[in-house]
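In order of appearance the chains are A, B and C, and numbering begins at 1 in each one.
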Amino acid sequence: MSALVLHPDRLFPAEPGTRVFARRLYEKVAPLPIVSPHGHTDPRWFATNASFENAAELLLRPDHYLLRMLMSQGIPLEALGVPTADGTRVEADPRAAWRLLAEHYYLFRGTPSKLWLDWVLGEVFGIGEQLDTQSADAIYDLIGQALATDAYRPRALFDRFGIEVLATTESPLDSLEHHEAIRASSWGGRIITTYRPDPVIDPDTPGFAANLSQLAELTGEDVGSFAGYLRAHRLRREFFRSHGATATDHGHPSALTADLALTDAEALYGRILRGRGEAGDAELFRGQMLTEMARMSLDDGMVMQLHAGVYRNHNPHVLARFGRDKGADIPVAGEFVRGLKPLLDAVGNEPALTLILFTLDEDVYARELAPLAGHYPALRIGPPWWFHDSPEGMRRFRERVTETAGFYNTAGFNDDTRAFLSIPARHDVARRMDCGFLARLVAEHRLDEDEAHEVAHDLTYGLAKRTYRL
Amino acid sequence: MSALVLHPDRLFPAEPGTRVFARRLYEKVAPLPIVSPHGHTDPRWFATNASFENAAELLLRPDHYLLRMLMSQGIPLEALGVPTADGTRVEADPRAAWRLLAEHYYLFRGTPSKLWLDWVLGEVFGIGEQLDTQSADAIYDLIGQALATDAYRPRALFDRFGIEVLATTESPLDSLEHHEAIRASSWGGRIITTYRPDPVIDPDTPGFAANLSQLAELTGEDVGSFAGYLRAHRLRREFFRSHGATATDHGHPSALTADLALTDAEALYGRILRGRGEAGDAELFRGQMLTEMARMSLDDGMVMQLHAGVYRNHNPHVLARFGRDKGADIPVAGEFVRGLKPLLDAVGNEPALTLILFTLDEDVYARELAPLAGHYPALRIGPPWWFHDSPEGMRRFRERVTETAGFYNTAGFNDDTRAFLSIPARHDVARRMDCGFLARLVAEHRLDEDEAHEVAHDLTYGLAKRTYRL
Amino acid sequence: MSALVLHPDRLFPAEPGTRVFARRLYEKVAPLPIVSPHGHTDPRWFATNASFENAAELLLRPDHYLLRMLMSQGIPLEALGVPTADGTRVEADPRAAWRLLAEHYYLFRGTPSKLWLDWVLGEVFGIGEQLDTQSADAIYDLIGQALATDAYRPRALFDRFGIEVLATTESPLDSLEHHEAIRASSWGGRIITTYRPDPVIDPDTPGFAANLSQLAELTGEDVGSFAGYLRAHRLRREFFRSHGATATDHGHPSALTADLALTDAEALYGRILRGRGEAGDAELFRGQMLTEMARMSLDDGMVMQLHAGVYRNHNPHVLARFGRDKGADIPVAGEFVRGLKPLLDAVGNEPALTLILFTLDEDVYARELAPLAGHYPALRIGPPWWFHDSPEGMRRFRERVTETAGFYNTAGFNDDTRAFLSIPARHDVARRMDCGFLARLVAEHRLDEDEAHEVAHDLTYGLAKRTYRL
């Protein structure tokens, strides 16, 4: 039985002189509140404040990082109890799924998943031994007992985690009822929504036509015309803003943008509406809408986020049986210089606009994103995203971005997660890695220590608040 | 005259605390036997067990890493005694070629070639001084004397090197007579073949039609039909398996795959057979055959290797005069996410299949290979290949792959070499670099030391055996 | 008020054992003269030897690195006093612009701009405090007073900086009168020109036709024929060589080359001359001319430089109002393997040719440039360029290039700058980073210390002189 130890110096550079600087920087930022301006937690949790069920339901089944790794080593998702779309029987006992995770937990050595989950086990649940076959049951039981207590209900954990503000992400078609309920409650936690219009912008979305109809109903606008469609967006943005939203989010296969003449945009919208889109029309329309959203942002002050470059649902068998977000999304090469040009030509020089760029292609950090964000007033670079939200990923990000874009064209940290309990762990990893990076600059006499303290505060707290206008 | 010293701490991180961990990890794995599941040594050496000729013939002329660097600095391959296809006279004296290498050995500072050759000189031949103009002759003589002794015959070196198993690579048209001879001998060294069907799969191979005829003769199958052609492959695979093969290997310009309807595949094969291939047909056929090979692997259990992304014979003058494999192959950008999809749609979810991916484009490590192998049960990531089989290349590989794919979706080390004497040196570099990487994780409290010992054993020994089913 | 300290160990690795090696290496190369074989200083400065005006005019307004960062954070170029093409009023007071820089100097933390400017302030002007709002005026005044003295005139600074040779870059249409004046003067500074024919080679240059007419006038050749056009180049190259040029420089959007049959080249030239170029003709012509220039280099011995892969003037508003070189150039992905092939097929095996390759796409370092330069006798790899002329950029360059191309297929350092006062700072950063890299190799027992001293001398001095034939 191995002890689970969260070493106080974890993730800091090993060189003792540098580590001293890292420690000093980290000590100052570790207690700062968590600002979480982008993520995918479920507002229902905080609206109902119902207890979480059990370890497997809470920590394993919604975590696509865990599912993908286990599947890659031949463990069927069925055995992990992931529900199927086609009703195929799956493992019904969450404890059995948890045991499978424990048995294969060694697969996660060297991955951020283990950093996060170890933190959750050790810090949130006070567990002192490594998860493995021997400890699986005891840990499962201990978590179950904790979850049954009030201290482990969503709101209590939110407060305990020191979260200053948490943004969720909703479709324009969402009623925002849970956000409504949170606001109406006596609880003071600040949970805001984010406008993510992909379901009514991306013609490749299943059910796109039905979504448009629903948008029309919700807003009373005639989405049969491009003008009416844009008005409908404006109304929903306004509705979202009244529920705290300060930002929009756009998940696109590429960073292509467009700025068509009005008649061309109308014609394009018409083709798409009638289901007569030509090759490239869907991508062109998504690109056109990015520029339209940017113009609306100039009006209503919403910060834009562009998450570009994922091949979603690469595995058709997983999609058919288990649905989306089960670990079958794969990054593809990115291109931003030519892709963003139409949007930048239109609004790139506007200091009042903030467009935060995210990529899964690290090659564009130094080549494209840093040079672009280091020039255009409207651009900021989002933190390392998804597969790169990891110690090495964060190190590469700072090393490749900073020299051209500086620290102040980056946007602070995002945890970007569904895994609520891991939020502090993720921020902690980011804070440690940023402090480690700054410590190296100090140790190499590339930054004064007092400057490093200021920058550390900004990277872990200030920049997220300012960039997202929170 | 400078001393040649193989420092016991070479390649370990300089930071003393980290180095202590690296040493402890390395001490445990250094004595492990060598598992060499992929390479290009000549089975004739072990079949005949004839002495190697001299230093130049053994160490210089077959080593394309050495030839390319010397050529890049203006030293003609003729002067190195590389035989010409057109009969042009070349330097006949191997000692003169060796002197040229010695004179320019400084060019290899900072390269793995120097690490490997220094190891061969120091460890295999017990030489204590650096190779340079002054020492060239003495070293040449000393090597010559050693090679004349029985202790330096191929089988003796194989035993001395502690090689548990060594895989060579042969064409389906090969008679495997040398493997036959090795097995028939009283010597116990385990040398196995690998099925590399490029000459009968790649329509761009010179002599492709003749190769197909030879395949028909060898198997008695009618390769005039696609069905017969596939049967011929099955027969040769069976023959290779009877000579120890556990794997196939596929060297393709790209990772494009296809999974055509049978009639389309037959029509494609027909066009190619009649020499009427259209633009893209050769690539499409190679891609189709990867999927066919994967299906056969599901039947016969052979592990697949895909080495994708080389522009072979970039220099037409070198090809015309000296032939292939003289250092004129250049990597090109890789793409695996879309390229592999047809194959993965067909068989990617099969845990019984193992397809090991190799790339010369490091950009795809974190962006494509790790996400793919961290999801699909059939995929594993091969070790850093060719130009990246080097300390920095190995470091980048682990840093970019581990956080998404973990350690257990990688396949252990390959030496992948023709240079028999360098095999232990290459494994030693890999073991040192892997231990150094793990030592950093331990020093940064990202991995417990006992876990690191387990992982080190797997990276240097266990994973290669298991992945290649040895 | 914070002290400005240029720490003697700055940029060296923090690990104490490695730092000792770095220091020892650096001590030997720090006093070496500066060889600056490629850059953009104005020869007029040295011809007239007039005093520089003031801090803003000297250090801020010509520095596109500073302008781009300030603009990216919403500071209008107008407020920095950058002159407009359309006559829009801009800030007239250089002191006000300087104050803006000082107020936002924190934006440059972690960037090479701060390293360079801090060096200029500390070393050239003896300033002991950090530039910020409080110190802005005093520093402005102090610089102004210094610039009024003879010790701060261009020639005196050139001598003080220990510059052995400085290359500027001129158009073939330039009269080279300033170079003439420098040579005619009694001053001994060696300032040479470089032949940069883009204005008469790139059909996309504004005023291309007029440029050709001027070329005809200058040379007396009939540029109406391709043969006459090539003769005109040869004459201008001869003229440049008579003004010290040892090199040509080519700034192209891509590395595409061509080697057309003469009649095809003539036809292409004819289409371009008549303004009837088809899609791709401009790029094809640029590519053809690279091969023509290479052939001329074989005749006249001029070293070629290819700077490929920039999207120039990405921001049309900045171009229209402020013109070129204001920080709106953005890198794009590079491709050299297929692009260079026509040129390499023609002249790549010529050891008498030197073609130095520069890229803004770091991804091609290990994948394309190192393999190409590690094979072809004609190729060398230029130092990290522009956005990558930075500590991390230099580290990545050495880490990715060395193992395949070695040190001796690289070309030494270029400062490549308009910012004359920063030249020693830039060389100092490069020397420190190269020594740090070598120190790591020594500390990891990958290179002997005596070898490292030799390599350090070559990287900082010898290679630039030999590669550029100075």
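We take it that contacts are C-beta pairs under 8 Å (C-beta built on N, C-alpha and C of every residue); 3 or more make two chains touch, one makes a residue touch a chain.
Here the structure is a predicted model, which is why all the values come from computation and not from measurement.
> Using just the Cα atoms, superpose subunit A onto subunit B and tell me the rotation angle to the nearest 5°.
It works out to 120 degrees.
> Regarding the subunit A and subunit C pair, does the interface count as same (over half of residue numbers shared) or different (under half shared)?
different
> Roughly how far is subunit A from subunit C, going centre to centre by Cα mean, in whole Å?
40
> Among the residues of subunit B, pick out those that touch two or more other chains and give their numbers.
In subunit B, the residues touching two or more other chains are 13, 15, 363.
> Touching subunit B in the complex: which residues of subunit A?
Contact set of subunit A toward subunit B: 2, 5, 7, 9-16, 68-69, 71-74, 106-112, 115, 130, 311, 314-318, 327-333, 360-363, 387-388, 390-393, 396.
> Can you tell me which positions in subunit B touch subunit A when the two form their complex?
My answer: residues 13, 15, 17-18, 335, 337-338, 341, 344-345, 348-349, 351, 363, 366-368, 370-377, 379, 399-400, 402-409, 440-441, 443-448, 450-451, 454-455.
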